[in-house]
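To start, the structure under review is shown below, and the notes come after it.
Each chain carries a letter (A, B, C and D) given by its place in the written order, and its residues are counted from 1.
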């Protein structure tokens, strides 16, 4: 169960652009000319006519970390501009810097911290932010700083200002690990990195308070969870991953809640892993998960 | 894969009543005194204080079919009345008489007919009812009468009258196998037997037309189906069974629809089986599935 | 996510005996006469003719913990003897005392300790036993004593003697949370409590060393885990729970191992929970899981 | 639920070869020069050093069916030879010609015939072959010729000769839909097309007769099925797909068998679909399923 050491020669390239002829030829030609060998690639065009082109390439290149800045610049100039591409190029060996936001429920937070410590996630947790002090001691055992920033309706703007200042330039991803506050559009824009959220889900959906109680009342047989990118419309952003667990009439609300929590942490850990492995591309309000 | 022959000595008893002391003792004493041996039983009380008692017993009794009417009457007089019970007593060897309602999609209908012919379901399909003529020929190969009763907004009351007349006293269960018309409360009352419906479900839910298109747009990763008893509020009745299938960005709307159809027929077949094996009890708006 | 406090009035009765008339009536009469109310019960007879009877009853009784010893004795004398029953009667509020055995892989151990601390499991972890010192520090954060007892071929008898002495009378269950030593029949007999083991499983099975490598070579699409009671034949005892996770050609052996580990800890936690909730009865080499 | 019409401009290219620099560039350059637009592609290299390269490309090209033979030849001469490639190039609109072999169990056979008729599978069933006459009438309703060729130990060589003669040049794939005879290596070589088989699978495996009975005895909680390519070692060929279904102590051997049959037909249908969509590549004894 040793975590495999990240290979410093492995890079990843993510591309999205309007579809058209010659894109793959241009990209593969570019990489070939630099001695980069394509190890894995996935490509998808959403619609044969007028669709969008999505690509993820894993490549190997000697001394990648030295050459990466130049490679990125050249790719931008020689390939990306020509096809109107958005792209991202990264060394796989560089962990994604993550801030975890949490309120009082600890299951998602601890699962991520634990997997991180075991070397299961290609991340570096640099900060925990909470509107409650409850989990401070627990987090301390992982040697991660814990910022307790209370949030009330009145103090929210000031709290978000503090949060943004604390994270400024230090993180590549924010994960809401059961953080019970809505992030404003202004905050999201200011931190300028993606945020992933997890929330419970049901077939059918239950709006409002006490969803597990409502699920029990209706005799629901599956509880689920959805991990998605955060947009200004809470719980409405592009979906990264979902899963469910089976429940029965024997399960009390406490049991349903526990099983829901199990699904939540599994789904969130998967979504964070996939994001940090550069597997997720946005396609409008949808996602491509390679 | 031979269907096992139903055993004429096997009976099933379903009971629900307000909880209180002595119920199990009274029921088991009643059965013991008649030489009926309990083969399997499941019991659940929803709340230790002021809750409801639910019981399903499978028992064996020589010459059951001969004694069943008397047994039922005696149970009503000696046990059920005393505890304020609703109960149902049936010989397991008697198949449930079923009418299948369908519109144009054939996947649920054919799956049920096929499983029935293979001896997988303890049912007898006595009638197919459709508001379209499309599936007539297909159904004919199963030797089941097909009633084509068109329904428009204006003719609905008359159509429901015809349907009810056709089924009057001939069926124990109505299954809506993708029947795209809402049944009125008046119709449900008149036929006087339960009805089971199947519909697609998502995490989160998508209201309105084109749910599979909406799911695609949102990047949903699971499609599901819910089988439930029909109440006047369509798609809101007590849930019997649910399941999901995984989809990905590669799936076009046609693929998602196909996978959704696969889940629908599986879930509906399971719900029908469980109902006909007397496994499902109503608990308010919820179900107990033993 | 608070753990619900165990209710001191709730008891559980497990019964197995040769089937015959009057068993349920006798048991329910016994409980009724003592003012015990049956909250939930599951009963199964394996074969209508000459089969075996299995029963699990959850009941409520005022001042249960005071009366339990007398209740147990009276049940033995008045009911159990008459029908040749094996039975177990317990207060649900008394946690099962557990010893965890582990070698070097920490995932199953930590998952159990973590769930225990969160109040998710009705257990009390009283001892960790390991043939390696590696996990000592980790376990210390849970305030559980860690006994490092090395095992070699030569020292095994002496090591098992030490282990048995250490546990003598202190535990109700031994859990092998990835303990890579075979327990001898003599040891199992001496400790006199059940032991649960977890091991990886595949469709088809792969014998010998490096099962994940073998699975990769064969292109296996699912990895699984099986939790079972330990018998002298390692990995051949009665199965309590199994589950699988999906893998693909993209997964390297390290990925497959990680996903296998995830299934192992989930399946083991479920098996331990079910055992400690008195849900598992032995039926020869098989199990009944109510 | 209409089957989408196959698009005559869509082609698929499958490639496998030793890995090395410039492969993707060469292939994409070749397609670009012919006006073929890459719609989807998946590429995998098994090992960064000395590994094998696997690629599946879906492309669109006007008048594909006219140009395909020339395209294939040119690709062979200009690209494939240079990199030592095995490759396959096909028009997606041309259905795979399939022969179904069956003995007495009908569930896999009927599921495939049914999905084919519904337009769910890109195949053309040209022949059913059976060593028993039982399913003749059933198959007739699908307008597929049924060849009853009995097989005994003595007549096996002659039977295989008849089968091979019957199929000679008429099929692209043989599917063993619960055909209980082992195909000899000589037969496989003579027909010269791949064969897919389905068989039940368990965690752990049960060798010998009555696997479902053995599973029951051991208290198994999951039954599964494995679809694989047929090699001379029966049930040992490269795995295409696997799945499982959950069972419990309540399921009798007949129930377990039924659930096993459900998994078998689902898994086989998926494997056949993926093969016929050119998603499956052989990697030694393993498979890449794109």
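What we mean here is this: a residue touches a chain if its C-beta (ideal position, glycine included) is under 8 Å from a C-beta of that chain, and two chains touch if they have at least 3 such contacts.
Protein identities per chain, from UniProt: A, B, C, D = Formyltetrahydrofolate deformylase.
The shown structure was predicted, so the numbers you read here are calculated from the model rather than taken from an experiment.
> Under the touch criterion given at the top, what is the topological distance in steps from chain A to chain C?
Counted as steps through touching chains, the separation is 1.
> Quick one: superpose chain A on chain D by CA and send over the rotation angle as a multiple of 5°.
The two chains, chain A and chain D, differ by a rotation of 180 degrees.
> Computing the C-alpha centre of each chain, which chain sits at the greatest distance from chain C?
Of all chains, D has its centre farthest from that of chain C.
> Using Cα averages as centroids, what's the distance between chain B and chain D in whole Å?
Distance between chain centres, rounded to whole Å: 37 Å.
> Report the inter-chain centroid distance for chain C and chain D in whole angstrom, where each centroid is the mean of the CA atoms.
About 42 Å, centre to centre.
> On chain D, where are the residues touching two or more other chains?
Correct list: 40, 44, 250.
> Please give the residue numbers of chain D that touch chain A in the complex, ascending.
Where chain D meets chain A, its residues are 7, 19-25, 28-29, 31-32, 35, 37-45, 48, 60.
> Report the residues of chain B in contact with chain D in the complex, numbered from low to high.
For chain B paired with chain D, touching residues are 1, 3-4, 40, 105-107, 110, 114, 118, 120, 141, 250, 252, 254, 257-258, 261-262, 266.
> In the complex, go through chain C and note every residue touching chain D.
These residues of chain C touch chain D: 44, 201-205, 216-222, 224, 226, 235, 238-244, 248-250, 283-289.
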